[in-house]
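Both complexes below contain chain A, partnered by chain B and then by chain C.
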Partner chain A sequence: MKKAIIIILIFGLYAVSNGQDKYMSKTGHVSFYSKTPMEVIEAHNNQVATVINIKEGTIAFNLIQKAFKFERALMEEHFNENYMESSKFPKCTFSGKFKDFDLVNFKNTGSYKVVIEGDMNMHGVTKHIKTNGTIDVKNGKIYGKSKFNIKPEDYGIQIPGIVKDKIASTMEISVDITYVPFK
Partner chain B sequence: MKYKIILILLLTPFCLFAQNELLNDLDSIAEPITNYEAATFKTTRLITGHSIESMKAGQLEFRISHRFGKLNSGAGQLFGIDQAIIYLGFQYGVTDWLELGYGRTPDEKTYQGFTKLRLLRQSTGKTYMPVALTYFGSMGINSTAWDYPERDNYFTNRLSFVHQLLIARKFTENLSIQITPSYIHRNMVPTALESNDVYACGIGGRYKVSNRTSFNAEYFYVIRPANVPTVYSNPLSLGVDIETGGHVFQIMVTNSRGMIEKHYIAENASDFKKGEIYLGFNISRVFTIFGN
Partner chain C sequence: MKKKIIIIVSVLIGLGIIGAGIGFYFFKKPVKDFSQSSVDVSLTAKSIYTEFLKDQNSASAKYVTTDKTIEIKGKVSEIKKNDDGSYQINLDVGDPEGDVCCTLTMEESAKAGNIKSGDMVSIKGQCTGFQELISKEVVMIRCGISK
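For the complex of A and B:
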């Protein structure tokens, strides 16, 4: 009997953990911005898949490189061909945790400053990153925003001398997501 | 004790998957997408012949091509560099699948208008398509003075037409191959022995040696009647593509000095085996007229 209760409890836990503890989005927006006196490069990806587990305080992102849209078709081609090598490394993933996530009440309306820490995998290189962001909870949705910088060279992305004055050595990444309950 | 072990085993997934579990969730919600191959070739020409690539919507390519004189013309002519001929052309992407182009080559002072239609794109994922297919069609107008002004010379005699199917596959990141069945029609030919229609099939490819450099080769087999003597030979070109951001430089050696299909494929009188080889280069510059 005791055994049965334990087993039921455990399966119950599985069920709970897969239920309403997760919020997700398939149409998250991530953009990057590079500015030099010679050239401004900006690209937007509106097909970012991401999920938050509010019980565990974990967060993950999955982004398809080829979904980045540029103003110029040639930039898009070079981004995928020469820099990201998107056929070899089609995705960028992030898997991390909220620091002090107990302070964030994901269920009630409110605005919170958060710190997220985790591993980002891009271009075959995994790096530990830490970034600030904001979480707004409103009408049962979670609005997440963050801005941070990354250096392409940290991810083994070479920028040849001939275009060094056109591509910044630090890219500004903006993240803007509206999470809804996981279905 | 036994229960405890079972309990621990059952609970392990929570600890183990706490991080990766979310990434797996993301894979589970991911919808199947079609992954289109891009950049089968660096630019809109393989060497002199057209490649399946065309300008995307709102993009304009300006192209300058040079072909020098015969390499074996000696040091006095600086190995042919003293006798450059120049082609100037524009091509514009009306949509991602329709390109219109215009060019002018010094051979027979020909003005050429052309169109490129991307019919199929190579893709994997939701839609599988093993090859890319582009149609190329052009009309050329010879603008030299008539050889025999006293005859009845019709404007239509100046016209020539080209139809090509460009079929290409990017086999790996580095290797792309293209096959080009071609049909060239000339309204007027130099002698009665020559047929107005010329059929040919091209084969070519590129091998990327770095992200920005590739080796290219291109050959056209031209079908000619066996019983008619001909002064023409099949064009063979070998080249290197160097891409530097907005420019692509193509440097080549070729036995065909023509820069449009009529002269390059159908009316090439130089033979590689006799050492009738030309140096040449193309410069392509792409401008964004309307951005996305």
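For the complex of A and C:
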């Protein structure tokens, strides 16, 4: 009987610790910003799904292109139909690792500068990227933020000459996520 | 003769102004307000979920690429307020691993306060696709309460 209780306890503890290895969000925010003297283009996606595994130091993102919201209908249409080809390539994914993640204590309140490295797949092209970010651990939640630049041409996205002065050749990507324990 | 030229020139200028106006209208036109527009397709949470589960490509071609206003009927399994103040309503699909996740517009979120788990609702909005990283989820944005 005692043995049984101990076994149950061990399994119970294992289940609890296992459950808290992962933090997630389905309502992460990713935006991009393009600025030229002619035009400012900005779009926001609030439906980004992302998971951090604090035991393995891995991080994954899955983003639906169609969920990017623009102010003007024409911009949104061009983004989905001409540039991203969202019906052919509906998602953008990222899968990577924290560098030196042993230095980050995800369980204690604190603020950390981190480097994340991994593969991003967008528009059918996979690229290895490396970016800086911050991790804030507060009240059992993990707040992750990052800003980095990408070039559309690196992902096989052609911007025609006629709109070259309206769309920047480098886009600024902002990531802002509140991770909660995986349930 | 002179009169004729004046008439032709003024007609051309008029057409030019109208053309520029139409062009400017389309250029500046805001994104379609799915939460207020008339419904194109109406179905239950379970049936749209099953269609995506079976074949994502054909379901996307039907509901996502067309930019139709989709109305989903179902039972609320969860309702919560996002960090930005908008409400998110999850609809039951008869599968504990999945749901239809609807994010309301700010205007519609103001009316969502009295909705609770277990209520039957109709929600209309834009379907953006299927998300599988965390759970299996049909994603709806720009939503409003239909009934």
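Just so we're on the same page, the second predicted complex is superposed on the first by the 165 of 183 C-alpha atoms of A that agree within 3 Å, B and C clash if a C-alpha of one lies under 4 Å from a C-alpha of the other, contacts with A are read in each partner's own complex, and residues count from 1 in each chain.
To be clear about the criterion, a residue touches a chain if its C-beta (ideal position, glycine included) is under 8 Å from a C-beta of that chain, and two chains touch if they have at least 3 such contacts.
This is a predicted model, so every value here is computed, not measured.
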Fit or clash - chain C, chain B, common chain A: clash
Touching partner for A:Thr27 - first (chain B), second (chain C), both, neither: second
Contacts of A:Asn82 with chain B and chain C, given as first, second, both or neither: first
Partner chain(s) touched by A:Asn46 [first = chain B, second = chain C, both, neither]: second
Partner chain(s) touched by A:Arg72 [first = chain B, second = chain C, both, neither]: both
Which of chain B and chain C A:Thr178 touches, first, second, both or neither: second
Superposed model, chain A: greater residue contact from chain B or chain C: B
Listed stretches 3-11, 57-65 or 75-83 of chain C, narrowed to the one that overlaps chain B: 57-65
Touching both chain C and chain B, counted on chain A across the two superposed complexes: 24, 26, 49-51, 60-62, 64, 66, 69-74, 87, 90, 182
For the chain A and chain C complex, residues of the former touching the latter: 24, 26-27, 46-47, 49-51, 60-62, 64, 66-67, 69-74, 76, 86-87, 90-91, 178, 182
Chain B to chain A touching residues, read off their complex: 3, 7, 10-11, 13-14, 18-23, 25-27, 29-31, 33, 35, 38-39, 55-59, 93, 173, 211-212, 243-246, 286, 288, 291-292
In the complex with chain B, residue positions of chain A that touch it: 3, 6-7, 10, 13-14, 17, 22, 24, 26, 49-51, 53, 56, 58-62, 64, 66, 69-74, 77-78, 80-82, 85, 87-88, 90, 93, 95, 97, 160, 162-163, 166, 182
Residues of chain C touching chain A in the complex: 26-32, 60-61, 64-65, 82-84, 86, 88, 101, 103, 126, 128-129, 131-135, 137, 139, 141-142
